[in-house]
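This structure is in structure tokens; I'll ask about it shortly.
Per-chain residue numbering starts at 1, and chain names A, B, C and D are given in the order in which the chains are listed.
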Amino acid sequence: MLPQTQPYTGKSPIVGVTDTEFQRLVSRAIEAKGLSYSPYSHFPVGCSILSTDGSYTLGANVENASYGGAICAERTAIVKAVTSGHSKFKALAVSTNSNTCSSPCGICRQVIREFSSPNLSLPIIMLDKDGSEFVLMTIGQLLPLSFGPDDLATS
Amino acid sequence: MLPQTQPYTGKSPIVGVTDTEFQRLVSRAIEAKGLSYSPYSHFPVGCSILSTDGSYTLGANVENASYGGAICAERTAIVKAVTSGHSKFKALAVSTNSNTCSSPCGICRQVIREFSSPNLSLPIIMLDKDGSEFVLMTIGQLLPLSFGPDDLATS
Amino acid sequence: MLPQTQPYTGKSPIVGVTDTEFQRLVSRAIEAKGLSYSPYSHFPVGCSILSTDGSYTLGANVENASYGGAICAERTAIVKAVTSGHSKFKALAVSTNSNTCSSPCGICRQVIREFSSPNLSLPIIMLDKDGSEFVLMTIGQLLPLSFGPDDLATS
Amino acid sequence: MLPQTQPYTGKSPIVGVTDTEFQRLVSRAIEAKGLSYSPYSHFPVGCSILSTDGSYTLGANVENASYGGAICAERTAIVKAVTSGHSKFKALAVSTNSNTCSSPCGICRQVIREFSSPNLSLPIIMLDKDGSEFVLMTIGQLLPLSFGPDDLATS
């Protein structure tokens, strides 16, 4: 049974994330769509990440004339945060201009999962267009039976 | 609740896939590891796909000195099958040399999902090293709340 | 000084590739466009590879609802050939429906280069829409100062 | 004829980039290696970008248990800069721990090229390990006959 769509009330549904933090994650994911470079799909996507140090990182999709060179909003936000010293995450939010709640693609789930060890409980807030509704799942639920750094010998 | 590991008995657990087809999927996924080009990870992966026309397509991982250029076994098998006219799939099997049952990465789940519309019921057989055990899940279970061609305007 | 566009005369401009082989490479690259799955870009690309064993491998682009999951025609052809036992190449041809001569994207150049060691002299035939003109360059010219398997310790 | 390796003297060899800017690009590319997440290749790569607004953006490679999910230093720096409002570039520098001068992979060249229109004259400074030597080329030289946003209809 998949989690249901919830209305946005401003109350944080996530243990360890305050109402203010939740509200900022939502508003910044929506705002981040403005940073998108998407001349091919015309489909801007925004992402915000709250790190355990209290910082927020914003990402947006950056497309390429070679379609396979595109980097999604979630991966942009992850590599920004990781290479800025904020690699422990509390929650991630994503928004598109679709009317239904957005979800990360499989590529992004794999990249998010790399930084969600060991218990894969990172909350992913999947918003609709304007943040009035969302679906909440953990990365472990979005990528069941996944493999990550713990599964490879990385001596 | 995730599906459990099952012992391999040679009996097909998949409706619409015969015992013989199931056995071939398993043996060919294992055999396909021999086709791997993996000088960087030293981690060969094999994949076999059974298409609805009865054909089998074998794939293996093809790595690159630029790590991001690597293409996994599952994606190799998918693009081979799709560009050979066998793009409707009955089942896909994957095997590595790990002792535990292998599962596709998120990138591959997204690519498999593209060709699993509309009901995402494609069975994914995740084998251990020698095929003595496996986990069986659908692509829809492996990539819940996914998006695909039906979700974009592809006029 | 970049190589110039040449008219197609049916004569092979490549040492070690016969006129018949050259003609087949061209016609199959054009034909391969018919294998494309490109509902997002509407831009079919075809590729043919001649291996040293005399076999031809055809590839086409296979796109994805997540743009970054797209695999180009050239990479499709490379992974098909490599995992089918034809990993030594004599020449590669590519064609799109553009009026100007097509060239591989950087991602594909990196993947082609992996299998072009040590001298990077693999000829790349970049065709226009119907094969009436082409540009001929080696992979080494298309990806100067590149790195590949010889540059990494791959014990 | 490819450009030769030059000794580092602190003098900028790039028109429009001051000595101080050049020195900062070099030192920050070297420093950025410290931001790398590379548990699989053990090969840290650092990149710095100077934008026309005078800002510097640092990137490093962020690898993944699924090798194909890796994002190189150069692409990390590009998506950071683009989604932070610094998408017009003056120069880019890259450094690894190799003794020879580093060069971007084909994937990164394609992504850099996207933001180097129309004349592809963006200087790429390819450093050795500690910045004592470098090779200087433009993105147009590193990816000849490339295609980018100007070549596709992006209405």
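In this section, a residue touches a chain if its C-beta (ideal position, glycine included) is under 8 Å from a C-beta of that chain, and two chains touch if they have at least 3 such contacts.
Here the structure is a predicted model, which is why all the values come from computation and not from measurement.
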Margin query: Going by the touch criterion at the top, tell me which pair is linked by more C-beta contacts: A-D or A-C.
Written below: A-D
Item checked: Whole-Å gap between the CA centroids of chain A and chain C -> 36
Note to self: Please tell me the distance, in whole Å, between the geometric centres of chain A and chain D computed from their C-alpha atoms.
What the structure shows: 26
Notebook entry, point to check: Could you say which residues in chain B touch two or more other chains, in rising order?
Noted result: 40, 65-66, 69, 71, 75, 105-108, 110-111, 147, 151-152
Check: When you draw the chains as points and link the ones that touch, which shape shows up: line, ring, star, complete, or other?
Finding: complete
Next item on the list: Would you pull the chain B residues touching chain C in the complex into a rising list?
Entry: 32, 35-37, 39-40, 58-60, 62, 64-66, 69, 71, 75-76, 78-80, 82-85, 87, 107, 110-111, 114, 147-149, 151-152, 154
Check: Where on chain B is chain D touching in the complex?
Finding: 40-41, 63, 65-72, 75, 105-108
Checklist line | Touching residues on chain B, where the partner in the complex is chain A | finding: 2, 43, 98, 103, 105-111, 113, 126, 135, 137, 141-147, 151-152
